[in-house]
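The letters A, B, C, D, E, F, G and H name the chains in turn, as written, and every chain counts its residues from 1.
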Amino acid sequence: MNVRKLEELLRKVKSEKTTIEEAVAKLKSLPFEDLGFTRIDHHRSLRKGYPEVIWGEGKTSHEILSILKQLKAKGQNILITRVEKKKAEQIQKSFPKCQYYPRSKVLTYLTHPVSSAGKGMILVITAGTTDIPVAEEAAITARFMGNPVETIYDVGVAGIHRLLTERKKLENAHVLVVVAGMEGALPSVVGGLVDRPVIAVPTSVGYGTSFGGVTALLAMLNSCASGVAVVNIDNGFGAGYLASLINKK
Amino acid sequence: MNVRKLEELLRKVKSEKTTIEEAVAKLKSLPFEDLGFTRIDHHRSLRKGYPEVIWGEGKTSHEILSILKQLKAKGQNILITRVEKKKAEQIQKSFPKCQYYPRSKVLTYLTHPVSSAGKGMILVITAGTTDIPVAEEAAITARFMGNPVETIYDVGVAGIHRLLTERKKLENAHVLVVVAGMEGALPSVVGGLVDRPVIAVPTSVGYGTSFGGVTALLAMLNSCASGVAVVNIDNGFGAGYLASLINKK
Amino acid sequence: MNVRKLEELLRKVKSEKTTIEEAVAKLKSLPFEDLGFTRIDHHRSLRKGYPEVIWGEGKTSHEILSILKQLKAKGQNILITRVEKKKAEQIQKSFPKCQYYPRSKVLTYLTHPVSSAGKGMILVITAGTTDIPVAEEAAITARFMGNPVETIYDVGVAGIHRLLTERKKLENAHVLVVVAGMEGALPSVVGGLVDRPVIAVPTSVGYGTSFGGVTALLAMLNSCASGVAVVNIDNGFGAGYLASLINKK
Amino acid sequence: MNVRKLEELLRKVKSEKTTIEEAVAKLKSLPFEDLGFTRIDHHRSLRKGYPEVIWGEGKTSHEILSILKQLKAKGQNILITRVEKKKAEQIQKSFPKCQYYPRSKVLTYLTHPVSSAGKGMILVITAGTTDIPVAEEAAITARFMGNPVETIYDVGVAGIHRLLTERKKLENAHVLVVVAGMEGALPSVVGGLVDRPVIAVPTSVGYGTSFGGVTALLAMLNSCASGVAVVNIDNGFGAGYLASLINKK
Amino acid sequence: MNVRKLEELLRKVKSEKTTIEEAVAKLKSLPFEDLGFTRIDHHRSLRKGYPEVIWGEGKTSHEILSILKQLKAKGQNILITRVEKKKAEQIQKSFPKCQYYPRSKVLTYLTHPVSSAGKGMILVITAGTTDIPVAEEAAITARFMGNPVETIYDVGVAGIHRLLTERKKLENAHVLVVVAGMEGALPSVVGGLVDRPVIAVPTSVGYGTSFGGVTALLAMLNSCASGVAVVNIDNGFGAGYLASLINKK
Amino acid sequence: MNVRKLEELLRKVKSEKTTIEEAVAKLKSLPFEDLGFTRIDHHRSLRKGYPEVIWGEGKTSHEILSILKQLKAKGQNILITRVEKKKAEQIQKSFPKCQYYPRSKVLTYLTHPVSSAGKGMILVITAGTTDIPVAEEAAITARFMGNPVETIYDVGVAGIHRLLTERKKLENAHVLVVVAGMEGALPSVVGGLVDRPVIAVPTSVGYGTSFGGVTALLAMLNSCASGVAVVNIDNGFGAGYLASLINKK
Amino acid sequence: MNVRKLEELLRKVKSEKTTIEEAVAKLKSLPFEDLGFTRIDHHRSLRKGYPEVIWGEGKTSHEILSILKQLKAKGQNILITRVEKKKAEQIQKSFPKCQYYPRSKVLTYLTHPVSSAGKGMILVITAGTTDIPVAEEAAITARFMGNPVETIYDVGVAGIHRLLTERKKLENAHVLVVVAGMEGALPSVVGGLVDRPVIAVPTSVGYGTSFGGVTALLAMLNSCASGVAVVNIDNGFGAGYLASLINKK
Amino acid sequence: MNVRKLEELLRKVKSEKTTIEEAVAKLKSLPFEDLGFTRIDHHRSLRKGYPEVIWGEGKTSHEILSILKQLKAKGQNILITRVEKKKAEQIQKSFPKCQYYPRSKVLTYLTHPVSSAGKGMILVITAGTTDIPVAEEAAITARFMGNPVETIYDVGVAGIHRLLTERKKLENAHVLVVVAGMEGALPSVVGGLVDRPVIAVPTSVGYGTSFGGVTALLAMLNSCASGVAVVNIDNGFGAGYLASLINKK
């Protein structure tokens, strides 16, 4: 039941063509999809201008292009994750202003500048250099959502002094994203040094019993430091997104 | 917004104390919980007289008694699963008409006779004698929901002729619930003999690599017979409930 | 006991060399391998005209073609699952009337029109767009077996209102097939909204700890909604087949 | 087709109301459940005098006693596995001739002497002393089935010379049952020394990553020696039974 | 090297008893434990007055009492998790002002009132009633750390309208803790309805393939909703602590 | 110490250049590697003419050729498992008399006819057609070791009558190898029909929760039939080898 | 063949009753069990005076006492692991000089003083206080085998400065045993700070996804620090024993 | 704060431009990264000349070349693991003196001769020939770090006499690295024969339930021999490195 129909009904009440009882009955049976979620829809419309995020894996460049065109028409900023280089190049032919990050396979398209949205700095840390692609996905996501982002890479726990020399950055961060594969110990150490929320991201880096990141994930879930929560393996986007929600002004 | 408030609003429209625009705005922002789910609620009220099911595990006999009293007042039939014998005895002191089934630890209370609800016969089969408690939970649930139920117990695949001599019962069944632990092979054999839906229930019967029913569960999910679906380990109630839904007139 | 021996026995009855009692006793002890499965065969012959289903994976196009020819000669409708596009194209050269569905990799061949066999509508629902191939396999199977099928795609639980706006379709369905990867939560939500059997199909969609569909499978087995049963990961065919059995007139 | 119908048919043959050909055709389609399994039953009756085996776990002493009485009446030897000491003592009150083996929790009852049934000697070997209860279950089972049995206990691979000094026994064995927990390496070593079938039995002995015998089981399945097969964890009975089948004259 | 020694060294520099080179050398080799972590120590001392948290499991009431005495002397508020009822009662004899929460087994002791520390409201939600103990641990922790906390219990996804009627509370929350066992679907649904960080807590509620909470955990890690992170199974304290860090003014 | 040195020592004893005591001392300290395993070596030499088995996977055709040449020179029959077609073709260029079995990827080379070695018939059974490659590996191995082998293929438990019509073959077998993927139920059914040893071979046939054969393996280990033992997934060779040991005259 | 028989043979050679060829043939077939392992036995006798270690779990106090008596008679020092307090008290009645360590459940009995056997100091470190029982088992074992042992307890990675302040001890250690549960990160940090072998011991400390120590074990196996090896969960004895072997003069 | 700034501060103290109190305050807040880790840095500089190890997997030949250039400039010996053949050839174009080991995919570059660093011989043993690549990685690493290394290949437990004939080498070893796939039993047997530390390396050799080395790993962790510790699957480098630490003079 759309607004026009609703007005019609009320007019009938007003003109006494419909009794109040009849109107109540009709209104009570209004499907919620027409009225009930109005506020949710409204709420969503308020969020317009927010970045849209697309999961690129398994989508053809053709499909991505058609989504891009629709969203561009609505004036939205767009972030696409897991875009293979070849696809990215095909997309950039039609959308030359697209920014592509080959390490993290993220592709962004800005219809308008990103506005500042964060209360503080989001710090993205990795244990090793092989964790950087996942970290970069987190960092790009957080920047794309309007946050200042800093990074510290390759400060794994087997050389703990490398991390300790960055203590100031650690203390300045408002939210921390800690990315690690192998034994996944870095979030525990970081969580013990700071007083801010730590989002741990296990990566599939490793071999043998790293089980594609499961070992790192389990270690992070069992962190002896309080204030640490975990997202799925290699889910840099999810960490960057959650960090942005936490950091939202 | 309840009916009274709605009538009041419509009266204001009728008496022109409120413009149609104002009324539309108000109605659009009606929380769906007041209007939107009316139909769902109505739908639920239609279901009155339906049995209520309570998960008894972890509830004290005191808590169960207080639920029983409420539901009895509403005139509902009640089925409670996983009630330890001691609890059952305490409950029966207050509700002597309660029926308790010690093997399956089910307790039922009828405020009115169960009315016949099924299109055909539901057949509950077990591989071994130790699977009977789970099977009985399924059978009692299905009977409680108004279905004729028959059973064939202890016809596991290591003595396949025992099953084959029951072919007539198999063919007469409208829905089959097949309960098995250990290697969980029975649903595949049954599924190959009949043309009706088979609900497979793995049980935690076994030792060593039976892994508390996981082996049976996996075997059932990989059934080479079509027409087999699986519920959780030891979930006799769930199988009986689903069989009843399938068998509903 | 072969036919010759049987004839001999009957001749003795006829010529009164053997009493009827003796003959009954002898016949009762006939080994089932010689006689016993006739009725099953007969029963199977009654089912002629039923669709035949072939598992295409691992079979060459040559092998599939030879099966197709045999079944076509018997006048049967044929459904082949998991046929790669290349194989399908080779098959279509010989059987140009074959219908191929590239998303679900199903190939069907009709020797006669599908006759209506279902009591109600089968509704196939997916959580995401990447679940559609599996859902399509279910839908094609159910249609091939004579059922009216409707679909609702991409109504995952992270945007629950998308599902709720389809409440009418949900309530009209006689059987529901719910296909989901990742956290596999959709069957629980659907199972809570309807009063009909729900067949849950986990898909291998996801990454990291989705473990190729195991997470979705486990979530579905642990559904807090009653009336849900589960088939193997990506087993769209199995769900469509079971839904058809449940929906059979 | 019941007996009455069968008699009627034969009478028609006798009175020539039905031709022999027609009767043969009808008889061939007799459902096997009425006639077909006679031979299997007969076959089973031939096996009378064979030991009966009962899984004692989960059965009350009362239930076991009633089974014992039935089987004793049939003149069968009986072996009951997994009988707790208390139950055994209660049973021995009624059946004082019962033999109870407390380490392996096996209870046997002989109505007649065990007759020799084996071609050669069955050798039961354990890696450690804690594996002995499972080994004893295998040894008792094999002896109960008429086989000469020898044992070598506590010859685990960490002291390989202990095993090597028993080479003669190893070479004299016709079938070997090798019982081991922890790393489960013994069957591989034994399998490399002999030319006879080796049945490997993993035990739940160990802690931490022994996972209740799963580690031993996996090691045994991956034995680099040919001629080794594996039974379930702690399944001494199964190993003794299979060894007896292999050793049967 | 403590301050006194440092002053002495500087005095020697001043009085030219030590050359600058010698002093530099000495200062360079200062063990970091004496100087380097001063700031960390200082930082920690700033945190004084912060609540202290003790893991009660595996500690005797005697041990807990001695810790309580020490911390009380320092004027700190204290929260102890996983305290069995009996221990709690023994502790309350010495510390009658202790507050004990039997459902969540949390014990708190306040030496001074909790000061308000949170920016917004923390909302704790459960799927079922059996998840409440874990939820309560989260709620108590968050309140103990100075946050306003509200709760919504028993709004699992099988009755999704129960959650939807609480939409206002959901939208008012600054951080959400969502506690669920079984299929663990609730955080995904909540995460789709709100724009704030969601901390998902799997519980060990369930049976069979719930695997003591692992299924819920996996489902949560694979949430199709963005903005969800996960803590260990039954880790209500961790969720409450992290929510407090996020909510810190 | 080689023979020459031993003769020298004895000669010194004979010529009294060495006392008996000295000689005993020397002989006692002889490293067993020179003397001790003589008997084993002897034993092995007795086995000459026995087939040699080579694991072909991971070996180049060059490496396999050089092994073939050595063994051919010794007059041995040779069986090579897991040889890819390309390798086989290269090998056949040098050894045109090699027999290659493409389905099971086995390659055999006979320097002399296989002599009959078995007491009875070995029966190899498969549940499905996709299990045939593994079954063929077992059958070829058993034939290569001198056994009469028969096969029954595609008699899975979902069409149990197909198996039952082969009861005679089942009863004639001296050892049975039962090969099955998916739910792995066939060995249990076969084990219930026969009185002979059953070697169960799980195959990696299946998808989703078949877990590359683990489900079939677990089902087989938990067989409710006695007399069943299991080898590694896809280990057709191992089953054929063990069956041959059991069947050895 | 014992010495007497050997002398006889040599005498026959000497007296030319046996030819050298005959003697060589006889000597070559000497079973190794009589001669071959002499050296191993001798080697073992050399080790006399070495401590004997007994696994106490599953042994009755009676069995332990009889072992103690035998070993005491041989003058050996004895270490018994996993002795419950009650057993220990019973043993101490007969052997009052026994030393019992209740935290680690180790019982030692010295017949002579432990002689110093180590090259350097063995350092045992724990992450938490609950890891101490396992650490103590390692420490006692190492001391019992003659090594100087120091300990650092409760220096888990969430408070990394606690570990760093112990840098001197770390650098003085010749071998390090690092004991940790939960996320098992400590060995990686320690391994990065020292240049000596690190033996990591996972403990079963934790809950939920700690999986009884498996998470810690996996983390340790995936340590990003070189020079770390791992023993079984809770295997303090094994770590202390291996550390002693490494530290042996 | 670097040295220059420190001297400046001291000069100010000397010249009384800064009070001692002010200087103490400044020094106390010196970030430890400038002073605190001096000793660690110094310590590290002492280690100069030590080999550098690079994980080659995932690095391009370009990246490896740039690292090689830097390290060569510092005069260090370099070992790079997991370098594919193609990369190695590209690197050798620029660094023709690089040594490449194709079986183990190790690449080494020596700027100066390796100096002898080991106390004894390191013995590397494999169970099969397919384990040799991992063993070679261990052997090359240990040689590169200055140790004498010997090897025994292909002495798996199914032919235990092959191992026993090498007893002398076993006894001469100071540290043993034992590499095995499949059932992983070899370290237990070796550990029982020697009195020296055994480092067990599981390999991913095998199929089916070898689970890429997990079975071997578990077997090794559960070794019944004392003195065995385990590194990650296929981690030959780690074993060689740890063996070198143990063997360090």
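In this text, a residue touches a chain if its C-beta (ideal position, glycine included) is under 8 Å from a C-beta of that chain, and two chains touch if they have at least 3 such contacts.
These numbers come from a predicted model, not from an experiment.
Traced through touching neighbours, the fewest hops from chain B to chain G number 2.
Between chain E and chain G, two chains of identical sequence, the interface residue sets overlap only in part, with shared numbers making up under half of the total. The greatest centre-to-centre gap from chain F, using C-alpha centroids, is found for E.
One inter-chain figure worth recording: chain B and chain F are separated by 51 Å, centre to centre, where each centre is the mean of the chain's CA atoms. In this assembly, the C-alpha centroid of chain F lies 39 Å from the C-alpha centroid of chain G. Note: centroid distance chain A to chain E, computed from Cα atoms, is 25 Å.
Taken residue by residue, chain G touches two or more other chains at 31-32, 37, 39-40, 164, 167, 208-210, 214, 217, 221-222, 226, 232, whereas all remaining positions touch fewer. Pairwise chain contacts in this structure: A-B, A-C, A-E, A-G, A-H, B-C, B-D, B-E, B-F, C-D, C-E, C-F, D-F, D-G, D-H, E-G, E-H, F-G, F-H, G-H.
The residues of chain D lying in touch with chain G in their complex are 130, 161, 164-165, 167, 207-210. Taken together, the chain G residues at the contact with chain F in this complex read 3, 6-7, 10-11, 13-14, 16, 20, 23-24, 27-32, 35-39.
For chain F in complex with chain B, the residues that touch the partner chain are 127-128, 156-160, 164, 182-185, 188-189, 191-193, 206, 208-211, 214-216, 218-226. Those residues of chain E that touch chain A in the shared complex are 39-40, 43, 47, 53, 167, 171, 193, 195-197, 199, 217, 221-222, 226-232, 237-239, 241-242, 245-246.
Residue ranges of chain F in contact with chain H, taken from their complex: 31-33, 37, 40, 57-58, 202, 204, 212-214, 217, 232-235.
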